[in-house]
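The data blocks that follow each hold one structure.
Next, two complexes with chain A in common: one pairs it with chain B, the other with chain C.
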Partner chain A sequence: MSRNWEAHLPAALLAFAASAVLYGLIPAPNTVVAATSRTGEHLQYASPIELAFSHNGRLLYVLCQGTDELRVLDGITHTQLKKIAVGHLPRGFAFSPDGSRIFVANSWDDTISVIDTKTQSVDATWSVGAEPSSVAEDPSGHFLFVADRISNDVAVLDAKTGAEQKRLAAGRGASYMTLSPDGSRLYVSHVYHNTDKPRTAPHSEITVIDTNRGIVDTRISLPYIAHGFHVAFSTDGRVGALAEMHPKNLVPLAHLEHGGAFADTLTLFGADVGPKPVEVPLDNLEQYAARPFGVAITPDKSKLFVTCGGSEAVLAIDLERLLAYIHMHKQPFTEDLSASGNYVVARITVGHDPRGVTLTPDGKQLLVANRLEDTISVIDTHSNRLVQTISLEGPKRLSVLRHGEQTFYSAKFSFQGQIGCANCHIDSTFDGLQWDLEPDGFGRDIVDNRPIEDLKGTEPYKWNGTNPNLPTECGPRTEKYFWRSETFDDLTLTDLVTYIRSIPARPNRWRLPNGEFTPAQERGKEIFERSVDRFGKPIAETDRCNYCHSGPKGTDQKRFNVGTKKPTDDTGLFDTPQLTNIALSAPYLHDGSATTLEEIWTIYNPHDKHGRTNDLTKDELNDLIEYLRTR
Partner chain B sequence: MKNGWSEFAMILVLGALAAPAHAAESAHTLPHVKVHAATATIPQMPHFRFVNYTTANGLPDDHVYSVLVDGDRIWAGTDNGLAEFEDGKWKTYTTRDGLAQQAVLSLALDKQTGDVWAGTMGGLSRISGGRIDTFTQLNSGLSNDVVYGVSVEGENVWVATAAGACRLNLRTHDWSLYNERNTPMVEIWVYAVNATPSKVYYAVWGSGILEYNQKTKAWDKYEDPDGENEIVLFKDQGLIHEITTSVSFVDNVLWAATYFGDSRYDGRYWHNFLTKDSGLPSNFTNFVKGVDANHAWFGTDKGLAYYDGTNWAVYRPSLTTGKPEMTVRNAAGKVTEIPVTTAPAHNYVLGIDFQGKDIWVATAKGLSHGIYQK
Partner chain C sequence: MTLLARATGAIVGGFLFIATCGFRTEEANLQIPDYIVTAAPIYEVHAALKGGERFPEGAHLLLVHNGKAVPLAPEFAASADAAVNFDAKKILFSGKKTVSDHWQIWEMTLADHSVRQVTSGNEDAIRPLYLPLGRLVYAEHTEQGFRMISSRVNDTAEIRGIDLPGIPSVFPISFAGASAIPDDVLADGRILFESEFPMGKGSIPEMYLTYADGSGVESYRCDHGVARWGGQQLADGDVVFTHGTTLARFTPSLAHEAKIAAPAVFYAGSIQEMPAGSWLLSAKMRGSAKFSIAQWQPGTSTLKAVFEQPRENLVEPVAIAARVRPKRHPSALHPWKYANLLALDTRLSRDGALGGVPARVRLEMESREGRAIVLGTAPVEQDGSFFIQVPGDAPIRMAVLDEKGEVLRQERGWFWARAGEQRICVGCHTGPERAAENRLPEVLQKTTVPVDLTGSTAGLSSGEGSHR
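Take a look at the complex of A and B:
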């Protein structure tokens, strides 16, 4: 079957599509956004991220991250019936087994909103772990599981009271959970890779939880996978699929034209797949499937759909062909750009940053939440065609921030639409990976990816501090060394930079609510600010923590040699990194060689060049780290 | 302070007579099943058929430091990796799998999550769903890489190391270090830990027993009233010796092992056990595990010993012939040899755990499974 989807569109649909583009409903694929009118207003967009039908299919629930709401729509007409206010930045929701309650994971205020589906109102709000991102109740209604992205665990709550019973060790960045069709197992995926030794291939996992016992049953290892998103199962439970990203960060990032940055893939597992999981590529030579996120398998097991946030598209996959292909071909074939042509049967353009998906109860339609467009795309699962776009009645005007965010999450600006900013800055954060960028020479100047929260006042950028401002960082440098194309017009670059500068810091979970410090944090603060070592000897000003890590962001915005230069580094002078939410962004140092905060000083500071620390006892070093976590 | 062996023995006898139902209940689930009649000449003590595991039948190393029962699964900490025994097969985890170090000194089960914690000569490892995470003094807040003891209670992992004690909170990921700066600890060579909901006990080499009250968050300390004097001047008036090796707290009774005898403390009275006046086969005791307030198992350098509150049983290869041996000592001090055909793999016992009525024993020359015999 041809992959040229346009060739199969009837004229009427093409006309509809053209008018939709004209009216801004659907962006034109792989075209540079023209300088359209943008407003400087701060507009509140709905930003739908997940959606699901009620058990009887009569209602459609849409989780709107931008407005902190769960919206209730008529399941047939899609008329908006109610907006239920929930906590801040909700990221996931799930029904109780009997459908009487909905649990919403509010990622920035660390709560679960419990909604009574009869009254369509919040019944209770439960405090949970750090950055809850999804939630699931076991079939017996005994346990409520909550995936905590920051604390890398799954909290097990009493489903009746919300009382936390225990935490299960998950992988790093535990975020999305899917129950197996029989409800006996819960599959947890992770947006970050499990931290390992520096310059080793990333690997992640699917944590499999026994829902009856509330313990980790096993872990499906995902070699080379750094970022996992949604899992879906066939109704018979014999096929599971994870949408994921496979970075190629061990080789120089210089071969985008050869698909050298990321492979966008699925990992398939289950009885129909065989004893070992199989990673399958979604990319095609001219049509990449940037940032796979949401997955659904039709009830008849004929099709698998996957949203590709960066590509602003949904891929339709013939599941039977896909299974036949993996059984006929020797693995791995992840980087085979001709493989997906054997099973991807359609590429359906949808809105900006498509995320969560859900199927109508009869499986005839797939609904897609277009996060950065405030729309829901409706796709006919038989014809693989877009049949409707539902507006969530967001602001009609496009703000500078919104356009900047669309630019950030789109892959359309890079060569062949392969990657976008959000490939490495997962949900506008970081990726925990180290990259070998070209300008310094192959194999030289390996750099750790830094977070981009609350960047204002932390310039210059790059580890060597040579980019004085964000327009330089995000403009020519990005175009030349990442995108391999000249694509941003001036206004688009301005909007992108404005958006990046607007990204706030996540709430710090180590700070006490009253602003005070714990005794350990207080002791650590004294060490951070000390001018005399434990032997009473004055510490030179430049050897004090708060000399370089000064000011509100913890950076003096200057370069310093802290003795971490490697033989492959061109310089030992590195930009002083800000300390904003430093606890979250492991690994550390310019090349990510320190896997934990402790290693910065226990391994990589033998001569006190990174501050006077070798006089500290282990207790004191622990106290210093406790304080740093509050920054 | 009231004390003395005769009074203590009287309490035990009266207790046994007054609470037959309790004894019967304990006998149903624990490996001291048949409580003897106080007047019997040869007390009826538990019998076992020992099956021994060595490198010859799947163990990665004969030197077994620790053993942990996790339902039908057995974990053995050896000098050459962590061995898992399930469905009759051994599987070994090594540093290649992420284990902190090959010598696994201590083991603990998190009963809530099913995770197993392994203290090694090179750090602390968590085995969870087949994945191993390792915490060291370099990459975490762990006080020292030589982890002699580990115990899990609630959301905390309590750790005994060669340079102080520490605690990892599994919810906040915070480490708390305990040493001479913030506890009554004199030495910081911490050899064992037993954490319970009410109290946490540390056996500190040269510093007696440290007690942490979970409610008040206060520390207390139990020492040898004789100080560092090697002569027992004040028997049954405190801990038998400062050089403690193991501790077990059960039914509000503290059992403490040292290289110079053992002790039992019920919160008011101490009782000391020495080879010369008890059935303890050796004062050199590596391990103690209380079954309840009145029953305990001891791992010594001269065999495995069981104390039922009055009588003693010793299980070992004979010190002279090497042949399997079981001896029973009654309250009057009379020792009777019981004919047996099996014994633990070696006299040097380092660890003990229970599996229903069965017992698992870590020794210097193999792991032993004592299968309870009716």
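Take a look at the complex of A and C:
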């Protein structure tokens, strides 16, 4: 009881304060200020990201990314029953077909926790591929499929032993998987787009796996889609829906109105949709559905719900009207911001960064995991109203880091709530896209989006190195040229910057556990540090890799002309990028023109201005790459 | 009639109600907070759009408390256009100290009714609205009607300190050679204003938007043709306005206006949403009557009369209530005299397909005398894109031509781009509902240098060039 009161008190106070301001009881602030004071403590929040009911509906399992736990709640009363410790940064979980086991994908330690649902304890921990993000077992219980975000594949394991049998090539950033209702197919979505030629529209795919044979059955092409998240099906399997983001990175980012930066969309597919998938917009003329993520379709097929992490809202869609709309209107209509008014029937405000969803077994309620609020929103699927907010056990104080992270994942600071930091820094990483920012002139100074892991000590920022620190990068510049709207107050900016500076590097998968190098990595390291070329000629100090890419982060934090200036660039002087997890963040160079590390030297370094590399053989370049992967 | 007599009339009139169809006789609703109205014997609702006087026989502000009215600025010969600031402690209004004065903008502290002059020009200045962080927008009379001006409320060190760096104290933000009258400042920071459609050429009142620095001017919606005015934003984000005898709204999910099932009377516009959700309206039963103040609960069929003056129109009701202030627009204008315009696909339009293949775009500028000056043409690429440099802060319009130079489509009115603005058009009158495709425009694959249509290369200045 006291916990519930505690959970509702801040909301009640906030509601009172908002009403008081609206009705003139207290003056509205003259500046936008954060409503809640923050503490400098390092607090461990639950950060629920996915949730699901047990097969009999009596238990509710909540995957808590912040505490590395699967929490077990009573399915009716929502009382917490148990916490099951799993691996680091769990991202997805699934039940075995008979409900006797739960598999948890632990994304940062590359393992699967196997939980016995009778004992509610971890039975086994299986090692798998790089950054496992979701897991699914086929109906026959033979295969366990694991989507690996970094290795861009789906590992097929023996469901009994966890032994890897094979890997299926998926798209880039394979992350979320959903079984078709009959279990015969597994639908895999991807958080990054498939790398292609520079300055072309991104595209992604849904990789469809035949679960019986353990092979890729087909690939549903997703033109223009850069980031895909959850898929949901109607119970009859005739409608599938993918939550996704459709960036506008080829158009100069001159303003945000009229969907200037992103379209937030669904791709519908299946027998009720027709022979081809159909992309449908979720945004409208003045309100965006920023970062759609979780999807659910009610058992009676009447409604589709989609969480919008950046908008801190859930959209309720009348599925019948949506299907009627797509059949009555000529495609494409992704660019029609008035389309969604025909099928979006409600926008329900929930907590910070809503992610995964699940329906109660009777379909009457939708539960939403609010990752950055440690709450679960309960929505009545008939009335489309929020009926309850369940507070998860954890700190009730708001830390600086938490507030900074909430700010990072919110779209509310941008014009009409279209974008937030996390739109381009997917899960606090990067997006693999190149953007045409307005202040440099249309079509000029195209910039690749750089990763933001472990940024401390890599300043200055921007490719031209003109932003000396993060407060400048994230403050006035972001306000003017990204948000196009009044942005954070100073305290919120400080919290945001504190959070960004705290983002750690993902575990490096190429380093050996003992800290030693493989022979190829060792050879690559020697090339990286060499002072003499293969012909015995001394390499000038400034032409050595480790001259600019020096220090622990692989940057001397200075600008150089490495001969990569394009006619559309205003300068040839570029900031030396850090090498942290460089293998993950293709494409490369300031404008993303090199689709691989090798292309940096084989295509874009004809005169050795980007270090002496033209004397290297193919094998030596491979060795150099092997070494760089360890950075 | 003295102000005191008027006030007495107001007090009495506040309890005299019109008991006819549409209006319902009832005691004043005490839930209505204090509000201010402009009282005027004659109210020419659209006069300002023609550069004329809305209150030819004067006007004065009344403060209404529990249905009782008192003059708010009795020392003024005329006062109108009250706008309450975000913490409800001050108001801006337009006023004349003496009958022969021009309308100027004043600020009053509500606690003690002390006033301070904000503008002191030689032309009328009307319809002030507060902008965030110490600025206001108002309309200033010019030879070509009223133009909108952004100004600091007070040019003090404190306000200079919170203003954006490099922003002048006072600067114009509308340049269409036609009247632009501010209606409201939206929550997203944009200014909702009235002009005519087509802008600078037509006679139908229409609503437009611009950012607070005058950039990004556009129609609110492109279902043009019906006169609409008096727009106000509600707390839910919808904008409500009047056609005269009906009310309608713009709502974010629709590309066209939506009807409001309100009683069929004459509305003056400027609808005020009350805290409890009812609306305060200026309305009258018939054309010859005077506007009075009524309360309406959306969804009901009758208006509840709350305040009337037999011989005066009561218009522009504004509640004295604090509200969340709109967001400040972070101006990103470059220090240029020109603007750059990139059109993504001129073939796209809500007006239907073009009658031919677009080959060139022609830019025209309107001279002070109202003549169209051709500034030149630029190629249109096969994908319909073009990239041009245009004069900043001047009325311009474009026409799409085929390879023979025949006009395929032409803008009906004038618009402007701010000096230093870089703007993208999705198509040729595609409407705000049309978002950009994610496609690299062909013109940017050829060049990143816009075709100079500013007239500057030919030494052209206003009044020169080939007149059409």
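Following the convention adopted for this analysis, the second predicted complex is superposed on the first by the 597 of 631 C-alpha atoms of A that agree within 3 Å, B and C clash if a C-alpha of one lies under 4 Å from a C-alpha of the other, contacts with A are read in each partner's own complex, and residues count from 1 in each chain.
Quick note on the criterion: a residue touches a chain if its C-beta (ideal position, glycine included) is under 8 Å from a C-beta of that chain, and two chains touch if they have at least 3 such contacts.
In this text the structure is predicted, and so the values were computed from the model without any measurement.
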- So, A:163: does it touch chain B (first), chain C (second), both, or neither? neither
- Message: For A:603, using the defined touch cut-off, is the partner it touches chain B, chain C, both, or neither? Pick first, second, both or neither.
- Response: first
- Message: One more residue to check, A:336. First (chain B), second (chain C), both or neither?
- Response: second
- Message: Applying the document's definition of touch, where does A:254 land relative to chain B and chain C: first, second, both, or neither?
- Response: second
- Task: In the overlay, answer first, second, both or neither for which of chain B and chain C A:512 touches.
- Result: neither
- Query: First (chain B), second (chain C), both or neither: which does A:76 touch?
  - Reply: neither
- Message: Per the contact definition in the header, classify A:85: touching chain B only (first), chain C only (second), both, or neither.
- Response: neither
- Message: Can you tell me whether chain B or chain C touches more residues on chain A?
- Response: C
- In the superposed arrangement, what residues of chain A touch both chain B and chain C? none
- Where on chain A does chain B make contact in their complex? 129, 151, 165-169, 205, 207-208, 213, 215-219, 520, 595-596, 598-599, 602-603, 618-619, 622, 625-626
- What part of chain A is in contact with chain C in the complex they form? 21-32, 199-202, 224, 246-252, 254-255, 257-260, 263, 281, 283-287, 334-338, 340-341, 344, 415-416, 438-439, 441-444, 476, 479-481, 483-487, 568
- Message: Under the definition above, what is the set of chain B residues touching chain A in their complex?
- Response: 112-115, 126, 128-131, 133, 137-141, 143-144, 155, 163-164, 170-171, 173-177, 179, 181-182
- Can you list the residues on chain C that touch chain A in the complex? 33, 86-89, 132-133, 162, 188-189, 216, 235, 237, 251-255, 275, 320-325, 327-332, 334, 340, 342, 344, 387, 422-424, 426, 432-441, 444-445, 447-448, 450
